[in-house]
Every structure is written in C-alpha cells, then in structure tokens.
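The structure follows.
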Amino acid sequence: MTQLLSEHGGTGTVPSADAGTGAESAGRAPVVVLENLGKSFGSGAPVLEDINATIRQGEFVALLGASGCGKSTLLNIISGLDGPSSGALEVPADGAAFMFQDASLFPWLTARRNVELALKLRGVGRAERKARSVELLELVNLGHSMDKRPHELSGGMRQRVALARSLAQDRPLLLMDEPFAALDAITRDLLHNELERVWKETGRTIIFVTHNVREAVRLGQRVLLLSSRPGRVVAEWNVSEEHRTDAGAAGALTADITTRLRQEIRKHA
Amino acid sequence: ASSASRNVETSVAAPTQAETLKLGYFANVTHAPALIGVNNGILAKNLGSTALETQVFNAGPAAIEALNAGAIDAAYLGPNPAINSFVKSGGESIRIIAGATSGGAQLVVKPGITTAAALKGKVLATPQLGGTQDVALRSWLAGEGFATTPSGGGDVTINPTDNASTLKLFQEGKIDGAWLPEPWASRLVLEAGAKVLVNEADLWDKGEFATTILIVNKSYLEKHPETVESLLAGNAESIGWLNGHHSEAAKAVNAALKAQTGKALADDVIDRSLSELTFSADPLAATFPKLLQAGVTAGVGTQADLSGIFDLAPLNKVLTKNKKPEVSAAGLD
Amino acid sequence: MPETVTSPMLKSGTEDDMRSLEAGLDSLQSDAVERRRIDFSRVLLPLAAFIVLLLAWQFYVSLGLRRRDLVPGPLDVLGSLGALWQAGTAQEAVWTSLQRGIIGFTVSIVVGTPIGLLLSQVRLLRRAFGPLISGLQVLPSVAWVPAAIIWFGLTDATVYFVMFMGAIPSIINGLIAGVDQIPPQYRRVGQILGASRWEMAVNVVLPAALPGYVGGLKQGWAFSWRSLMAAEIIAMGGSLGFGLGSLLEQGRQLSDMGIVMSAILVILFVGIAVELVVFAPVEKRLLRGRGLLAGSTR
Amino acid sequence: MPETVTSPMLKSGTEDDMRSLEAGLDSLQSDAVERRRIDFSRVLLPLAAFIVLLLAWQFYVSLGLRRRDLVPGPLDVLGSLGALWQAGTAQEAVWTSLQRGIIGFTVSIVVGTPIGLLLSQVRLLRRAFGPLISGLQVLPSVAWVPAAIIWFGLTDATVYFVMFMGAIPSIINGLIAGVDQIPPQYRRVGQILGASRWEMAVNVVLPAALPGYVGGLKQGWAFSWRSLMAAEIIAMGGSLGFGLGSLLEQGRQLSDMGIVMSAILVILFVGIAVELVVFAPVEKRLLRGRGLLAGSTR
Amino acid sequence: MTQLLSEHGGTGTVPSADAGTGAESAGRAPVVVLENLGKSFGSGAPVLEDINATIRQGEFVALLGASGCGKSTLLNIISGLDGPSSGALEVPADGAAFMFQDASLFPWLTARRNVELALKLRGVGRAERKARSVELLELVNLGHSMDKRPHELSGGMRQRVALARSLAQDRPLLLMDEPFAALDAITRDLLHNELERVWKETGRTIIFVTHNVREAVRLGQRVLLLSSRPGRVVAEWNVSEEHRTDAGAAGALTADITTRLRQEIRKHA
C-alpha cells in the first residue's frame, strides 16, 4: 500500500479525491495531499485506512466524524507530529500551525507569554511580540486575563489562549482540533466571525475538526466526513455561497450531513 | 605542588641545595622528633636557605600518596607504608634515610586477662590489617598456639580498627584488648584501666624495632642530596635534644601537639608514652626482613625484595660528622 | 431529607475557625490563609522538633547509662562548640567548607546542566554515557581521593575534583529524570511552534523539567556537600584549608566526642540552613507558579 | 505553490528508511520501530563508550608520563583484577557488598517509603521534620561511623546503620519531591471519589508520584551504595565481612594502585549493572505506561 | 457578608431563590442551598458574588454562562473542593459525584481501572466492581477500548470514561462540568437519553454546566443563567413538560435564553 509520491514533485498534478471541488479553489495548488494513508498504533486495529484527500491553497475544510474515529490522529499526521503507517502524503515543508484539542499551554508561562513564545520562535522581535500578543489576546476577548497562568484560567479561556497562539504562528496551513468546543454559543459566534475574517485576510489554508455540524457548514467551504474504525473519508460536501446566504439551504445541508453522520455511527452500534 | 614534582622529574641539573623541602609527619607522640624539630625550629635552622614547608597527616597511606604526588618530598612514617610503596613501585618511589623512633607498642588487655591462654575466643584490635602491630600480634599468637586468619576467623578474633575507635570500643567493653603503639597503649592503660600483657620490645632482638622512620622521595634524594643531609642533621639534632632533655621533653612535645591539633595529651599519658619510646636515628634495618617475613607467615603480606630500600650514606655522613658510630643498612642498600 | 447537613468544613465561615482547622492538618485551606502563616510554622516547627530531640538527648544522657565522654550531652557539646567558637576554629571551618561547597556546587551546576540537557536530548549520547554516569554516581567520593591526590597533589583542586565527581553525575541524572517526566505534549507543542533543537531545550524542555531539575539540584547539593566532607576528612592538613570535615576527623583522632558532635551538628545545621534558605523558597515559587501547590504539604 | 514540498520525514514511507533516520537522532520515530532496536543499542552503546574510554586510558598510560605504579594501565589493572579473581577476593568482596547493599537498600525502602508518604501528607510533620531530614541527607556517611562503632561495635549493624542514615533520608526526600509535583487535580479527583487519607495515599498519591519516587529510589540507591562503601572503608576487618570498600582501602594501604583501580572498576560496574538491570526497565515501563515515553531519549 | 446557616439545620426551611420553582419539585427537601455566596481568588476581583439558589432533591438543573464566568468555580464550591470567600452553603454531608471539565483520568490506570477505582473507593466488592465497570463503559460506548490507557484514548473517549466514572460514584448529588463538550452530535444525543434514564431511575439530583442552550433545555428542569465578572444568578427558567414535547415551545425557550445570554455578554463587550 506504500506509495511514494516523489515523482509528482508536489506540482499539483495529483487529482483531487473529489472531482466536484468548488470552482473557486479548483485551480489552486494543493497544499495537503493524502494518498492511501493508513495509521495503526502498535499492533492494534487500523485507526485510519486508505484516506485520500487533496486540500488546496486557501481552502477552509471542516472535518467531521464520530468521537474516536481518528480526526486528531489525522491532524497529527498532517502536522508531521506522527508518521503514517502506510501510504504517503505531501505537506508544506515548513509545517503547520496546530491548535490542539486540549489547550496544551505551557503551565510555567502566563497567557501572554504563551502567545509570545509562539511569536518568538517565529523570529518576531521583542517589541513587536509584545504588541502582537496583546492584540491577539484581545481578539479572543482575553485582554483582561493576559497575565494569568494557565491554571488560573477557565477551560474556555485556555482554549481561547490556544486559539490566539495558533494564530500567532502565522503559517499558511492552520490545523484546528475542535477549537470552539469549550466556548459558549455567543463567544463562539464572535470567534467564528473573527476566524473567517483572518482566513479571508490572510488567505490561509485551514483544516478544522468540529462536532458541531452547523459550525462545519457555517465556516467550511468543504466538509469531509470520516467513518469510524477504520477512519475513511466516506462523504464530502461542498458548501456554496448559497448555503451561506440562505438559512433554509444551510439547514437542509446540516440535516443532510447529520443524517449521514448518524448512519455512520449506526453501523457500529 | 604537582608542578614542583614535574620539575624534579624533568630537569637533570647537577645536585643542588633545594629551594624548599616539603616535609610530612603525623601529629603524634611517636613522631616526637618531627614535632620537636618543626616546633622548636631545629629542622628549619639546619636546612638553612632551604625553606621548610610542613604537612600533617593522619595515616601512612595518605602521606605516601602525597609523596607520590610530589606534594611532599620527605616524610616521617611507619615502616609498613614505606615498604609497601617501595615494593609496589619497584623501588622507584622512596628511600629510607634514617630512623626516628623505636619501641612503644604493647598488647594491652582487660584486667581479668592475665595469661596468653585466657585470650581464646576473645576479640583483639590492631591499628591496621598487615600493619606492624597487626603482624606482631598474629605472629605472637601463633607462637602461643592460637590460629588466626586475616578475615577474622580463628581462635582469637582480630579486628583491625583505627586507634581512636579502639579506645572507645575498649571503654565500651566491646573488645578485650589491643596491640597498640603509643600513645594509645598508654591511653588504654591510663584512661581505660587496661593492663599490659605483652610488650612488643620483648619479641625483638635487643628490644628494638622501628616505629617511625624518615623517608624521602627517590628523585628528590638524587637531585638534592645536600638538602637531605641538612634534613638528617636536623633529625639528629631533634633526637639528641629529646634524649638530652628528658624532663622538658614531655612539655615540649605536648606543646607541639597542642599547636598542631589544638589538644594536648594528658600529662600522665605523655609521660608514660615517652618512657616507652626510644629515639634514635638508626632505622634498625636488620629488623625489616624479619618484619616482612612475619607478615608473610601471618598471611597478611607477600614476599618481596627490599634491597635498595635504604640509602644510609647521607645519614652516615652526618653521624660521622657528629662523631657517632655509623649505622648499617643490613645489606638492603 | 436527613442526610442533608451543612458540610463540616464549610460550616465555619470565619477565618479563625479556618486557622484552627488548618492546624488540624486539613489540606483544603485557601491560599490566602496559608500565605500568612508560613513564616511562623516554617521556622518554629523545625525549631520545636529540634528542641524536642535535644531534650530527649539530654534525658538519655542524664540517665547515666553511658560514660559521659563517650556519649556527651547537649550541654557538653555546647561547651565544646563554644570553645571551638572562641578559638575561631568553628568559624574558620564553616567558612572554608561553605566557600568550597558553594564554589564547587556552582561549577557542578554550570558543568552538569548542559551535559544533562545534551544527554536528555540526544539519544545516542544518552544510551552511550547514561549508564556510565549512573555508575559514577554510585562510586563513593573517597574512591577518588587517592587518584585525585596523585593528579592534583594536596591542593584545593583535589577537594574540588572529588566534589565534582560527586555532584556532577547527580545533577546530570536529576535533570535527565526531570526531562523524562515531561509530558510529551509539551515537546509536540514546541515542535509545532517551530522550535529548533536548541530553542526546544531552552524554551520547553528546561522549564518543563524545572521542578524535577531543582529536586536533582537538591540531591546534587547533598552529594557535593557529602563529597566535600569526605574529601576534607581524607585529604586534610597543611596547605589545605581547615574545613568542617577536617574538624570532624580531628575530633575523631583526638577521641574527643565533643568535637565530633559539634562538627556533626554544624554540618547538619549548614545542611538545614541551605535547605531552608536556598531550596525551599525556590521550590515553593516554582510549584506555586505552576499551580502545583494546592494540597501539597510544603 | 513552490513551498509545497514533500516533508522530508514523511517522504520515506518504508521502515528501513525510518531506521536510518532514527540513527540520525530523530526523535519522531514510531513506537514499533523503537521497540525492536532497544536491546542492541542499550548494550552496545555503553560498551562502545566504555571501550573508547579504555583505549584513551591505555593511550595516556603508554605515553609514559607517570610512573606505572601510580597510574597503571588497563592491562595492569586487568592483571591485578585477574589475580584478585583467582584468589577469590574479588568475588567475596562483590558478594559481601552486594548482599549488604541489597539488604540495606531494601530495608531503607521499607522504612523510608511510609515515612516519606506520611511527611508528604501531613503538613505539621513535614514542616517539623522536613528540614531535619534534608539536613541528615547532607551529613556525610563517614560522620556516622565513629558513633555507629560505639553503639554497635564492629559488627554488620554498624555498616547497616551507616547505610540507613545515607539512604533513608534520600528516599524520603525523593518521595516528597515526587509528591510535590503531583498535579493537584489528581488529589481533587481522589477526594471527590471519597478516598480516605490512607486510600488517597495508596491509590492516588503513591502511583501519581511513582516516576519521581523511582527517581528518588535511584538516588537513594546511589546514597546507600556510597554509604556502604564509606562504611566498609572506615570500619573494615576482623569480624566484619570483607567488601568492595574494604578491598579499595586495602589497596590504598598497600599502595597498590592496581587493586585500587580494580576495586573502583568493580564498584562502577556494579553501579552500572544495577542501573541497567533494575532501574532502567522499571523506569521505562512506568513512563511507557503513562504515555510519557514519546520523544524521550530513554 | 458571612452568614452561618446552621440555625436552619438543613431542614428545608430556606426559601428557594426562585419563587416559581416547578410544582413537581417544590415540596422536596433542598439538597444544595447557596446563600449570598461569594468567591474571589487571592486579591483579585470577585469571580462569584451574592449567589443565591436552592436546589431540591431530584432536580436536574442546567447552569449556563459565558466562558470564564465562574461555573466551574461554583461547582467546585458545591463539591467541597474549594471554600467560598463569603456567604454560606449547605451541601450533602457525604459530598457529591463530580465530572470535571477536563476528564482528569488517572494516567496510570486503564479506562476500566479508572472506573473501578471509583467503585472501590465506594466500597464495592471486587467481583461486582468488574461487572459494573464493564457495564458503565458499555453504556458510554467504550466497550471496545476498556483496556486502553488515557493517553491512548481520544478526547471524546476520555470524556466518556469520566462520565462513566462519575456515574459509578453513585452519589445522590451529581455535578457535571460540560460533560458532552467533546462529543459528536449523535453520541451526545445517545448519552443525553442515557443520562436522562439514569436520572429518572435513580432520582439523583444533577447540576450540569453546558454551553449548549439546546442541551440545557433538552435535559434541565430548570436553567440558571450566570452573569460574568462577577458571576451572579441573573435569570432562571423552568422547563416544563410542554417544552419537552413541543418542539416549537422548546425552540422559543432556547431563543429566549440565547437572547438573554447574548445580552449578558454584551454588557462586557
């Protein structure tokens, strides 16, 4: 099953797994290419199997799937933190920004210093670092708690610091693992808007995992559905402009996706 | 200090008076010639332009290590470490150039023990496995018909223990006796009520055996024979002073001890100790083969060739100058 | 519903009650209350323990089971300590040893930390030299003395060398153990943030391992202080400064238990002082900064 | 988009390539690959390091800068080790020391663990006795020898006592340090689950502190082995068994650097063997079970 | 502000903060009574202020509030893990079961042993412990991953183990801090049903925190809304049987609560 992709040379000749990709991104260069990707831990049953997908530059892709189906594992592989057991993949050479499922803040640094560290490791100068980290933390409504340590923050606040940190990394590819799970509906709405703005302004490629189907439809241009045990891309939807403007169309799509997701989970019940 | 020794080893200049002489000795009554020599300025006076630096040690092996490291050039110590170092280095390390003290070792026991036969099953201490007193005790016990082994078995248990602990253990009743040098034998007698069962002097011809000798680094001897001669002259003068001032000796030695360690011996202890000791520049070379042989017999030593360990020519020069009889190296030079 | 009673801890809303509860060893008290009481209990309790031990000792001695010169009482020791103090010996010994201890320990940290970090980060080196360093750690300091004397003569270099051989492996091992316990997630975050090997070591691994590392330093201090004492005991005299170890050995040579006990007490006291003055506050700050203090008995 | 290149690590899908990468110190390898290579590198690398050091030593000696009896070469030492082996002295010494070491260390664990747990759980005791125990830890083992000889005579009890005084405070402190680093959340969970003080200690605190505790045990072993050596060096002979420390001291008394170096090498070897055979596997299992192994160089 | 409640003796004479409590629970004994409760950390601004609430036996109460408003802090105080800075409270003497916001599993135990430990500390015998833990883990759909360690579980799986553990505690009062945040919609639905069944069968009192207003309406009998900085109970809704059966009524209530929540957050914008 191992298949090296080097002959393709990352020039974008690999066909997308989905022929019906939205027109606006079809012509762009692929940023992430997954080919027959498989992953298993130790001698256990495969977690991911035969994953094929192409994500092009500037796309905003939502990843859906039941709990434990392998979404985080897939992001780990794309980020280079973990290697695939089989198959091959192409990812940006300079890695990806990654917002982990747990906030994963460094407990010895305050919220602000956590964000500053990301900037520092990117090579941002001291003065700019300070200004930028304050700006980012204000973006996520944490201007008042910048100097608290992680253990003094609430769960949702930690998640927002992690969000600020992932934005601070300023990489063209951004992976987000349930970035808004611990947030209340209103804060979440606000941050949806902010994230969309950042995406549009910077043209980053974003892959994000969510359990909220509406969130997926609200933000994603494309929605991928992963099955469980083993994880495979079993369905894919394009979210068109129509879905964004027309609440009814969005509702229909949401219902459609939810039904499909329910089917997937039934299989294992 | 180490740089000095390297200089010694590398330069092949003609014999000269050395700039310094680094002397090691113990702050111990058996080292009285060294104590008096240093404290009363006798050694410094005899060394003239050569500066005297001194270093106090607690035990022979440390002194030998310092000698090998070049931290000292000459040392007063017991015969055993000197023999060991000489043998192990194949004759490269040291030379015995004079004696200082002899005698002064006794087997002291609990008052209840009055005969050798009563020692069966008892626990005795010696200062050090394979040391002079250890060997003496073992060979004496063998002569009395007791079997002992170096690992502590046999009819009589022998525990090599340092002297300070021995005193305490004896006071605590945990040992029954010990073969000890001065001042410890006196301390056990006077401070812990021990009785003398055997005087080591009785086991040797003329009652003489080396307790403290003066050794010098071989290369130092080769490079600075004149300095060594001055040292020997000082040693002889100290010994002469001790032998000539019996009444003042105790006070002077105690003053030196106090200066070195901050604590003097009790008056009765030092008096008794000094009366047991003999001070003489003769290293008693003839006793060395016997010493070695006794160790081999007792199972705590190995046979070795001691020839060359003595270099008594400078001493004899000094003795001749002082109009005293020359001493013999008993064929070991 | 009879089970519904006011919870005992919470019944007492006033701070005084809270305090009495704390004295009752309750581990739930709030930070604010804790902070105010610290200095008292931190000094008074060890002192009380010390005084109790002292009284027990005096009591044992006054039973007269042992000869007074073999087992001296606290007062005898105090007398002999006083004499040493007046003669200036005690101060000189403490000063000499403390000076050596601080210099030696500082150098050990400076040498041991980069080595430890390197070993903990580079598997090849860790595998090759890790066991050797653990081996060195169990080698008694006294084993080095003969070799050190031959190499360095009877100079302070010998003493320092023996200290280094005691402290450096211990510091290295402490750091490695601390690094081993870092949750891997921290490294992953560092990697994602684009940290180079060096940045990872400095910005992630070292701070994450800090509590374990400080623990290692404490043990390292114990090793270096003990090695120092051993070195001073064995290699004493002449041009070598007169330290606490030398004082101990001198007392032993003189069979003067008063001096021996004085030296032991002073060594103990220096150890406790270093613990209370240097390590305890550092550890406390570290743990507090990470929110690890709650529920700890520190 | 030119920056989009295949990431170097992931390009190599085959396991062979992965292996070569691992040799290149990459810390990203997967668990499965790692597991297979362990035994080789864990034994061969220390051996290689050892051989390199041996060669360097031989080279230094063959330069002839120092007298051979002061700085013997590896071959001389091997010869003297062989002689000791044939005389049975080496085996006897190793056996005696190892036996004492194991007994003493076991007793130290059995005594130190409950005390450590108690101190870490009860603030009053911790505050009162913590500094004292840290102080005891820095007290050199040799300081205990004179007192121990008086109390226990020249018996094995003296040796064990000195070991205990070295190992127990260190084990206690290691456990306390481990407990201090437990995330408070674990205690909170235990409390919510209704654990009593004792259940909390056994079911939550001890397992949570286990990695730190094992680290403490390692240091404790180092302390007890070193204390044992010190005790054997000072209190040797007679009715006391002949251990490695005694062998070392005998070599020193006889000015026989061959014996001294042999003893040092054997002590070192025992230390390394204990590390590799006892502690390394335990630590490894512990860390792996908690998912702390990823990215570690262990 | 400190006011001891001992004279009330926990006999239920304390009036509920809300006069309109649903008829079905009005007559029952209060399990948790909060009176003028306040909490601040160190010298910081108060996190909770003047909280008054009575929760009666068998009630299912949902707690809503913006991220960082003090919901977890309140649960900590009710559980006895933390003390209030002022005010007084009455809670069951034998404590409460608590499902933390982070799963807080013991990393040295497998999923099953984590659950078993809860049973063991409750005094359940060895044999029953085993059967019961398997049963609970199967309830949360983790029958297949029982012997995995926490670090081998996905975020959602960890949360489900924590759920199983909190059910294993079998205490009359159950506190849950965002119990379903990391779960996909379908699994969440299933577990909603299970939780409701458990609640009905055992008659436990449940207080649960959620960010999902629909979840609050779906499960809660009563919904409390906490304001931010300082946290106060600013609004309270009763969810009647009608809301459960009639989707339109539920939708209206949801919208109502969301509007109110939005207002609360606006205040701090």
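Labels A, B, C, D and E are assigned to the chains in the order they are written; within every chain, residues are numbered from 1.
Simple rule for what comes next: a residue touches a chain if its C-beta (ideal position, glycine included) is under 8 Å from a C-beta of that chain, and two chains touch if they have at least 3 such contacts.
The structure displayed is predicted, hence computed values, not measured ones.
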Each chain counted as touching subunit A and subunit D at once: C, E
Could you pull out the chain whose C-alpha mean position is farthest off from that of subunit E? B
Please give the pair of chains with the highest number of C-beta contact pairs. C-D
Would you mind pulling out the distance in Å between where the CA atoms of subunit A average out and where those of subunit B do? 84
Mind checking the centre-to-centre distance between subunit B and subunit D? Centres are C-alpha means, answer in whole Å. 41
Interchain centroid distance [CA atoms averaged], subunit D/subunit E, Å: 48
For subunit D, residues contacting two or more additional chains: 70, 146, 150, 188, 252, 257, 291
Spell out, as numbers or ranges, the residues of subunit B touching 2 or more other chains. 61, 65, 68, 164, 168, 172
Going by the contact rule already set, what residues in subunit E reach two or more other chains? 41, 80-81, 94-95, 102, 152
Would you mind writing out the residues of subunit E in touch with subunit D in their complex? 79-81, 94-98, 100, 102, 104, 106-109, 117-118, 120-122, 149-152, 165, 169
Per the contact definition, I'd like the list of subunit A residues that touch subunit E in the complex. 41, 64-68, 70-72, 101-102, 145, 152-157, 160, 177-178, 181-188, 211-213, 258, 261-262, 265
Could you pull out which subunit C residues touch subunit B in their complex? 67, 70, 87, 89, 146, 149-155, 234-239, 249-250, 252-256
Subunit D partner contacts - residues on subunit B that touch it in the complex: 60-61, 64-65, 68, 81, 84-85, 88-90, 92-93, 123, 125, 128-131, 151-152, 157-162, 164-165, 168-169, 172, 174-175
For subunit D, which residues count as touching subunit C in their complex? 25, 27, 41-42, 45-46, 48-50, 53, 66, 70-71, 119-124, 126-132, 134-143, 146-147, 150, 170, 173-174, 177, 179-184, 187-188, 211-212, 215, 218-219, 221-223, 225-226, 229-230, 233, 245, 248, 252, 257, 260, 263-264, 267-272, 274-276, 279-280, 283, 287, 291-298
